[in-house]
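Both complexes below contain chain A, partnered by chain B and then by chain C.
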Partner chain A sequence: MATAVDNIAARYQEALLDPSLPLVQAWKERHPGARAVGVFPVYSPVEIVHAAGMLPVGLLGAGNQLEIAYADARFQSFICSIIKSTTEMALTGRLKVFDGLVFQGICDAARNLASVMARNLPGMRVEYLHLSQNQASPAAEDYLVGEYRRFQSAMEELSGRRVTEDGLRQSIAAYNRVRALVRVLNGLRARSPELVSALECYLLARLGATLPPEGSAPVLESALVAAQGRQARPKDRVRVVVQGSFCEVPPVELISALEEAGCYILDDDLLLGWRCYEADLPTEGDPLRSLARAYLNSVRFSSVRHGLDQPRATDLVAQAKQLRADAVIYLAAKFCEPALLDYALFRQALEQAGIPHLFLEFEEKMWLVDKPRNTIETFVESLLFD
Partner chain B sequence: MQYQGRIHQLQRELMGRYYAEVTRVATSDGPRAAYLLVSGNPVELLRAMDMLPVYPEINDLQLAVRKESLPYILEAEEFGYSTDNCAYVKADVGIFLRGGKTSYAQIPRPSLLVCNFVGCNVYLHWFEQLAEYFKAPVFNLDVPFVRDLDGKPEPGDVAYLVKQLEQLIEIAEKITGRRFDYQRLKRAVALARDAEDLWSEIKHLNKSSPAPFDGYFDAGTLMAPMYCLRGTEEGLHFFQEAYREVSERVEQRVGVLSQERFRYVIEGPPPWPYYRTFRDLFSRWGAVAVASTYSTVGGTWEWGFRHDPQRPLESIAEHMMLHNVSNRSLLLRYEQIRRYLEEWHAEALVIHSIKSCRLFSAGQGDMLDYFSRGLGVPTLLVESDLEDPRYFAEAQMRNRIDAFFETLEHRRLAKRAPALKGGAEPGEGAKV
Partner chain C sequence: MLVAGIDVGSRATKAVVLDGERNLRACSVLRTRPPFPELARQALDEALSRGGLRGISPDYVATTGFGRYNVPFRDLQVTEITSAARGASFLYPSTRYVLDIGFQSTRAMKLGEGGRVREFHTNDKCAAGAGGFIERAARYLEVGLEKVGELSLRADNPQTISSVCAVLAESEIINHVSEGKTVENILRGAHLSLATRALALLRRVGLDGETTFVGGVVYQAGMVRSLEETLKVKLNVPAQPELVGALGAALLALQRLEKQGAIPKSPVEPAT
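Let's turn to the complex of A and B:
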């Protein structure tokens, strides 16, 4: 029987996955003259965009909702889906709803995509951020503050509105609220996965990456209350952590298939950039410095941030142990170089720690998930009858 | 008949000595090895630290040109790497798994891994993983990518990098147990500057017709001394010899090919496992690469940048950040190619798209569109790989290249055809 949380997630599912971005279109219609900025995964200081009076929106590909007709001519066969589907959205006019686009150096393909966008979308403001990859350097913080200040000027220029320190602190507070709700929701899932599914958590987090925080927070609050009140008994499922999908998002059918095949997904790294902080950011003091410190010191591990303080494989093993997971499913986007490179180390560490794991690749354009479902079912059975 | 001049012989001798030193360091208590990456590297600093620079990418390509890379790659895939990962990384992990053994040298364990993060994100993963495998210290030199569309640095970028270089010096002092010698650094930087002068001159000499050397295949020969031995007397001597030879050829109007029929610019790294085969596919058409983007991964010295012994760290930082193709955007690369086409008098562009290196290849379809449709430059895109021999399909490659040059030839004939048929503009005599 459908419950309140089902309804909330389902109500938005179609609109969230629609590559024509109807929720953003609707927001712009309700706010004549207001601007929207698309931000490519993973790490973007969306608070700065918001403080400039614009709507930051996650560019999360087109899933299996868009046939690639033009982008294959721009990017080769060995480039991942999200690069191509985002290009396809651009070449078919679907990104016209945006006034600016933001990219960061998460991988070589994403960086080159920024150039391709700049050339193919005349008039679009395309910003590229270089986030520090030497977090051990005492100079990194000042550098990153400078980079965010540059970005702030660009956003002010685009919106025609000056960003004040107070305004930016308010935006940080607004996103703190959304992130805290997503964090609580995910905490609930980790403790009682029968109460809220991975798919619901993903859709609700995606809502936070699409609507302004003032719009998404109340929905998330309702969903959280509904999930907490849900009557459900734990099933005999395998408890897993899903890792490797921090940028490109697997089709919802595949997320569902993972759960239907007998897994409780205790945690994952879907939409990582939108929920990467383990705690609220300070809303006092220099807000640009707060953002810089948060990126340098407080974000959850990922394959596109090279802190060097501790191997990421150690983080993954610790996470699996802390959540008392039975297994790890490494779900990597096909051709995703950062995820595929990391797998080599993750695999060794998981084996050494005695944690069973399954490697799966996905593409956005997967319409049929029977094959991965069979693979997962076999994996689950092997664990249940071990 | 292709050019087989003194520089090739000299390069072989030079690299032979370099790898003898690499082996010596691996098998004795000689100076310590520091791993470094090719793109926009700060080798002068390592030279001044008396550490031997060891380049995994160059080690890998040595395997590839000897057609020995595949077993190393397969070993890394067995270990956990994907078929879709960079084959340079995999070959290098293969070298690690085989205890540093190769047919051309014993590769030493690193005392320090200097990850000069110049554009390539794979570099970060690569050295992070080597640090895990070797249990060796790694230092990420975070080089801000050029964000400005005119290729200028943002305020604070260079200072940020200089501070990291100073931090690296402190780390190296601890590892080597010696105080850093700034006079030695200035000397290394001055030697680098002199070699850069000559390398730049050599590149400009290729504007001549016939081109005295191939700006891709022969430039590849010159790249190794530029990266392995920049900042040394030996490296400078090599470039003095190279300049002498190339300028003599220009004076004597001796081209790299017996007959130069096509001048093209080429983009992307070469297929090292099939280097000679690939070269022959162009030579047989009388096609010479007059310039290449690949030969600028270490530096775009032909546009005027030089290291400066009066401000050694600042100029090292500027070089790493601003003056190499790897740390600049795709759009700045379009501009670089456009200038090559124009100033080096080329009529076509060849894009060699390789699977391993997405820094180069991601978006090359857009590049094709820009040059072909946008600027009307005949452009060919072919695909293979720089390290993995499994991706080179010789017959298909030959067909594509043959078809391209046939088309170029037809275009020339078609331009002449009206004159031959007497169809010239009124008042013009028919000319052949």
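Let's turn to the complex of A and C:
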């Protein structure tokens, strides 16, 4: 029987995955003259965009919903799907709904995509955010505050509205609320994965990355209440952590296949940048400094943030142990350099810790998931028939 | 106490019936054709009939193969990788690697204790990497599939087939025919081409121990020879290689019954 949480996630699924971005279109129609900014993964301080009176929206590729016709002619074949699909969306007018785009230096491809967009979309404000690479340096905080200030000026210029400290604090509080709801939802999944699926968590988190926080928070609250009230018996499944999909998102069919093949996905790094804080950000004091400190000190580990203090492979092992996971599934986008380069480190650490793992690659345009599903099933069986 | 394993493969559907002591009581092989539910039932009934067990229903049925979900009377389904590994490990307890070449796909597995799959790789969705490629080559050369293995063994100058695509590989075969190369040498070239792809898969899981070759292609002696030459190892070759997946499924069925306490655990002895 379908429960409320099924309905909530399913109600938005089609619109969330539609590369024509109907939810953003609808928001702009309801707010004449208001502006929207597409935010490429992995992390950007969306609070600044919001405080400038604009809607920050996760730019999350086109999944398997868009035929790539123009972008293939502009890129080499060995490049990840999200770069191509985002370019295709731009070249086919689907990004016209945005007034600005934001990128960061997560990889060479994303870095160059910012320039590709600037060249191909005249009139579009394209911002490139230089997040600090060296988190351990004493100068990192001041540097990042300065960079965020520059970004804030750019957003003010785009929106024509000045960002006040109070306004930014309110935006931090608004996104704190969304992140907290997503965090509680994911916590429920980790504790009782039979109550809420990874796919539902992903769709609901994606809603938070698409609607303004004032619009997404009530939906997330309803979904959380519905999930908490769900009656479901735990199944005989393998408990896994999924890692490696922090930027490009696997097709929903693949996420479903992972679960149908016998996995409880206790946690993953889908939409990582939108849920990377384990606690609320301070809403007092200098808000730009709060944002900078949070990025330097409190953000969850990932392959695109290079902390010198602790290898991220150690974090993954600790996470798997803390969640009592039976295994880790390393789910990397094809040609994703950060994820694929890190796999060597993660593999070594997992093997040393005695945690079984499975490596899988995906791309956006996967319609048939029979083969990965077969692979996952075999992996699950190797753990179940021990 | 009887259990059954049914392997609904893309070319053949196989059924194996074991008793509680893991003795092989019956088996059957049918050509795969839809509808699968009826086919699986027919394969099981035929096996039971051949084993003098007509009218007896197995206590547990495990299915495997690409049609494993289309058997409504199953108790459990497992992938062909898990089942082939368990079956091969049962027949050859010290085997560390299994190569399974079926009609549609090729799988290389590294095994752990008790036939547990430690690592595995399958060929991409490419017809040139599996047994179907040999069948198409045989059809083009107008040779019955049952004769392919022996003809291939008689080759004295195997012809290279280097394309990684089945369509292009068939074009290469056409070229060889037009150049007057013998059927024997072309077939051996096809076997060597498949062996090279299998080697690439096996290298990904490692190749430093006893290896068992299973799947219907094992019946082609030229394929076994080609693999042994390419891999530079002596392979374990079961007497009924196409039944190994169904056997593995039946063994896993027994394991589930033991876990559920329906039957006492018995020491694992290789089947005869």
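Throughout what follows, the second predicted complex is superposed on the first by the 386 of 386 C-alpha atoms of A that agree within 3 Å, B and C clash if a C-alpha of one lies under 4 Å from a C-alpha of the other, contacts with A are read in each partner's own complex, and residues count from 1 in each chain.
Just so it is clear, a contact is a pair of C-beta atoms (placed from the backbone, for glycine too) under 8 Å apart; a residue touches a chain by one contact, two chains touch by 3 or more.
The shown structure was predicted, so the numbers you read here are calculated from the model rather than taken from an experiment.
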Sticking to the clash and touch definitions up top, decide whether chain B and chain C on chain A clash or fit. fit
For A:381, using the defined touch cut-off, is the partner it touches chain B, chain C, both, or neither? Pick first, second, both or neither. second
Once the shared chain is lined up, is A:371 touching chain B (first), chain C (second), both, or neither of them? second
Contacts of A:83 with chain B and chain C, given as first, second, both or neither: first
So in the superposed three-chain picture, is A:134 touching just chain B, just chain C, both, or none of them (first/second/both/neither)? first
Tell me which of chain B and chain C touches more residues of chain A. B
Using only C-alpha atoms, work out how near chain B sits to chain C after the chain A superposition, in angstrom. 8
Considering the complex alone, what residue numbers of chain C touch chain A? 78-82, 86, 112, 116-118, 120, 122, 125, 252, 255
Interface with chain C, chain A side, in the complex: residues 371, 374-375, 377-379, 381-382, 385-386
Chain B residues touching chain A in their complex are 76, 79-82, 84-86, 89, 93, 117, 119-122, 124-126, 128-129, 131-132, 138-142, 144-145, 147, 149, 154-157, 159-160, 163-164, 167, 329-331, 334, 353, 355, 357-359, 361-366, 369-370, 383
Chain B-facing residues of chain A, complex: 72-76, 78-79, 83, 105-109, 111-116, 118-120, 127-130, 132-134, 136-140, 142-143, 146-147, 150, 303-304, 306, 308, 311, 313, 334-335, 337-338, 340-345, 347-348
